[in-house]
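Reading through the structure tokens given below for one structure.
Just so it is clear, A, B and C label the chains in written order, and each chain counts residues from 1 on its own.
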Amino acid sequence: MRLDNIQMSVANRQGPAVRAIPSVNNKITARDVNVYYATKRALKDINLDIEENRVTALIGPSGCGKSTFLRCLNRMNDTIDICRIEGQIQLDSVDIYAKAIDTVQLRARVGMVFQKPNPFPKSIYDNIAYGPRIHGLAQRGAEMDEVVRSSLERAGLWGEVKDRLKEPGTGLSGGQQQRLCIARAIAVSPEVILMDEPCSALDPIATAHIEELIDELRASYTIVIVTHNMQQAARVSQKTAFFHLGEMVECNDTEEIFTNPRDERTQGYITGRYG
Amino acid sequence: MTDLAQETVLRRSVYKSEAFEAQLRRRYRAERRFQLAGIASIAFAAVMLVVLLTTIVLNGYTAFWQSRFDVEVFFDPEAITPSGSREPAVLSAGDYPALVREALLAELPEATGRDGRRAVMEMVSSAAAYRLRDMVLAHPELIGTRLKVSLLASDNTDQFVKGHIPRAVSEDKRKVSDRQVEWIDRLTARGVLASHFSLDVLTQSNSRQPEQAGMWGAVIGSVMTMLVTLGMAVPIGVAAAVYLEEFAPKNRWTDIIEVNINNLAAVPSIVFGLLGLSMFLDFFGMPRSSALVGGVVLALMTLPTIIIASRAALKAVPPSIREAALGIGASPLQVVIHHVLPLAAPGVLTGTILGLARALGETAPLLLIGMVAFIVDVPGSLSDPSTVLPVQIFMWADSPERGWIERTSAAIMLLLAFLIVMNAVAVYLRKRFERRW
Amino acid sequence: MLSGLFLIGEREHMLSDLFFFIGEHGQPMQTTMLLTVIAVLTVVGYFLGRGRAVAIAGGRLSTLHSVPPYHGFFVALWAGVPALLLLAVWVSCEGPVIMSLVLAQLPAALIPTDHQALTLLQTDILNLAAGVSNGREPDPAVADAAGLYNTLHMVAESCLLALGSALAVAGLTLARRQIRGDLRARNRVEAALNVLLILCSLVAILTTVGIVLSLLFQAIQFFTMVPLTDFLFGLHWNPQTAFSGDVKGSFGAVPIFTGTLLITVIAMVVAVPIGLMSAVYMSEYAAPTVRSVAKPVLEILAGIPTVVYGFFAALTMAPVIRDVGTALGLEVSSQSALAAGVVMGIMIIPFVSSLSDDVINAVPQALRDGSYGLGATRSETIREIVLPAALPGIVGAVMLAISRAIGETMIVAMAAGLAANLTANPLAAVTTVTVQIAATIRGDQEFNSPKTLSVFGLGLVLFIVTLILNVIALRVVQKYREKYD
């Protein structure tokens, strides 16, 4: 029943878009990644390639390590004292865990959007301007105004907020807040955007908005999205990776995964037997 | 769309530029400066603590050593009892300073004339004569005999021996004359004058002379005051906490009580002194300077702390325990007394100890209710005039003689020792009974 | 042998020291006796009540509504509480009643009309009655009055003993008679305990009321002598000259307020940045090992009594500041505001840091993640996201710290002066509200000199200012907490 639904949504999608993108460069490659929280092993020998200018969805039951993996990709796990990472992750063929790599620079190139919208307690304008300002991407004034405008436009929020840029970002609705967070991430022009269940706190209409947005952003960004919602994975992604108990069980084209899963755990999950 | 894409690509290239690298270095420098400011702040606090404690200990430990003259005293019948009577009244009126003088002059024969004798007598404490008198009163058979006695040196002598009065300044700038310096050196070399370990600073009661002053009276005063505080603040505080946490309906009145308690906790302590003065002393006519009033004032001051801590402890007891007890037919009061309070007891106790530790170090309100009076007697009852350690410290610190500095510091060492013990007990209790439900 | 004994066990006595004997209100024997009687009867009542309940049940305890100990408590309460209430009422009314009786006996000519002189006369009578002489030969009529006072006092005390004991016995017997199998003893006892609990929780309210009343009462008396405006806006504080007539011009509190303000500002300049940075470092940077050292350091600083800080300020800090100042060619008072302010700042560092620590930890991790995710460094995140987000809480913490500094007494009493200088120079000596209060009042005041009463004016201002600061600060902090809960 559920599988049917998903297959429907895969089928209904404007299919050719996938094939319209010629690039199959691997933007990120993860090799034998193991992550430990203190002694607990949260990820086991993960090998995964993230292709450039595509949307890759990470799915799997709660607690299987999707967020952990996502946070490895921009070294957000560095902020957790007890977290330890083994293995290799390369961004454009450069090991991001190498000594010479600077997390500030890395995170500017690999942006992140979180599960719960987390606008800063500042004005909408300052929320967007914060990143460009600390990285020195734009001068205060007209140049910054332009960055703020274009970021909000790309996040599809400009029309709704252009008259209230000085109001606090926390005053927006949940969906608007999440688009604000996406705009905030876009404002520093990252190459990769990581999204950890960006719609799980949102209502269906706001979710539809964000999904549209993701589809548009794909043209200039590589996107990795964690989602609980398989229809969503099917709708927005071109590649899907299925995680289970800290292992990456299967990664394939989204259509393939949902129509013809190789592993029976994947099959079990997408048919709703567990998870 | 393509414009935007191009712009994005353009901006991304910034991250690989020289300028960005340079800026990054600047940002990391700012980062280090910020972190350094944090370290410096903590270091400042730590250094200040160390400086404070070492000043106190370095100034205070010498109070446990006192200079004495070990001299042979002739208990001259002529001076003690010219009439030959052995009546205590006669004996206590004897000329004991003369005995002290003669004993010292025997060691310093060149001290002649009025000036010389006065200079000699300046070197011993007035306590020396009282000591001889007490010896005679206790053992009249000493009269007419010779006995080696240890006589307390005066404050100036003591401070000079300890090096607190500098030798290298001109005579008119120091409290000990050149002649006395020479005598002190000679007597020290001969072993007559020496520093002895002494706990008098703890065991004696107060005095106007620094070399004789001890803090025993203040310790007893502190103990009695704390007993009153404990006896009043704990039952009332715990009862109030139990009511507010377990029984009180949530309405305007209990809200007012709650806000009131929080604000009372932040009222300056000296205001409680004014309350004690005009309420307890003036209005109720309670005994001034007494441990009773002091204890009551401190109890009112500590009450909010105890209530807040006890409520937190009660709140931490899970509702399931109350439900279980209610389920077997216990009345709400029985539930609290038999089940909740025992579980909350460690938390209540910890809060109580911390509250008392604060009260023990409190000074200002006690000044206002007259616990600053100079009191020699060790208080015998709650209504006797008494003082407490911190007030004693305040009074000693206010006195000019050099000897008070070491006495004050020693008193502070004792007060801090009490506080450390109390806090250690509180920490132990918290660790020992820490429970995660 | 003997000499050795004396060498070891030496104890100096201090007859030379003046005994500073302070008038003692003799603890009346009868009150103590009555308390003993009540205590005994309460205990006896408990056992009688319990025994009777057991006897009534005759082995079948289930026939009782409440278990026997509750019957015991029931009787004990009836034996103790009414008698104690009588004692309390009696003790609080006795003095005034007897005094009015005594005054009624005095010849009318001796009774002064104005309030102050009357108070003075009453004090004289009380002192005479207690056997404390004020050195003057007393008026024979007053001496008689004192004698009468003592007689009446003795009579009253004896009456109290008799009445109180009778009441306790009556309560005990009546309650014992009430004991039956279906007596709801437990409910009665619990109701009584409930009342007790309520009374206990009212003590805090009563304390506040007591503070407000005693401050207001005396302060209003003061403001009848010195107009409020002269007090609040006058520029000269010199209570000593008040005796020579110029009462109004001697109580201008502005120099005291500015002195308090100056020292508070200095303390905050030290405490706020250092306390805040310590908190930031501890919660955002410090490794657990560093934290396990730094936290106790701050806790110890917080636990040191203020009198110790005062000693440190006077003994160590003030000379250091003066020497440094002199070396720089500045003129530094030996009781400079700077020394007191800096040490007060040190004292308040742990206060600011522990409050800020709470506040900073309440900032959700999500905000930090959002900032790190954009590539911000730690310090950028703290300065631009965490601290602004925590600002309301920090403002609340600083307000509480200011209130603390304003109300702090011992440091300023020991390291700042009494000179009411109107200056903003931190190297000069200034005085504060609390110093004035502590220096003026020593427990033995007559409540009729403007100098004594002025202290209550100052106390009232101190209470109001700190109360306003606390109320606002607690509100702000609470609102802030709710925002991130």
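The rule is simple: contacts are C-beta pairs under 8 Å (C-beta built on N, C-alpha and C of every residue); 3 or more make two chains touch, one makes a residue touch a chain.
Not measured: the values here are computed from a predicted model.
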| item | value |
| --- | --- |
| Topology of the chain contact graph, where touching chains are joined (line, ring, star, complete, other) | complete |
| Top-ranked pair of chains - ranking by C-beta pairs in contact | B-C |
| Cα-centroid distance, chain A relative to chain B, in whole angstrom | 62 |
| Chain centre separation in whole Å, for chain C relative to chain B (CA means) | 19 |
| Where chain A touches two or more other chains at once, by residue number | 104-105, 108, 134-135 |
| Residue numbers of chain B (touch at least two other chains) | 27 |
| Numbers and ranges of chain C residues touching at least 2 other chains | 377, 380 |
| Chain C to chain A touching residues, read off their complex | 364, 366-377, 380, 384-385, 388-389 |
| Parts of chain C lying in touch with chain B, wherever the complex brings them together | 2-3, 6-7, 10-25, 27, 92, 95, 186, 190, 193-194, 196-198, 200-205, 207-208, 210-211, 214-215, 217-218, 273-275, 277-278, 280-282, 285, 294, 297-301, 303-312, 314-316, 346, 349-350, 353, 377-380, 382-383, 400, 403-404, 406-410, 413-414, 434, 437-438, 441-445, 447, 455-456, 459, 462-463, 466-467, 470-471, 474 |
| Sites on chain B touched by chain A in the complex | 1, 4-5, 7-9, 11-12, 14-15, 19-20, 23-24, 27 |
| Chain B residues within the chain C interface of the complex | 27-28, 30-31, 33-35, 37-42, 44-46, 48-49, 51-52, 55-56, 59, 70, 125-127, 130-131, 134-135, 139, 142, 147-150, 152, 200, 204-209, 212, 235-237, 239-240, 242-244, 247-248, 256-257, 259-264, 266-275, 277-279, 281-289, 300, 303-304, 307, 331, 333, 357, 360-364, 367-377, 381, 383-385, 390-391, 393-394, 397-398, 405, 408-409, 412, 415-416, 419, 423 |
| In the complex, chain A residues that touch chain C | 74, 76, 79, 103-108, 111-114, 116, 118-122, 130-131, 134-135, 181, 184-185, 188 |
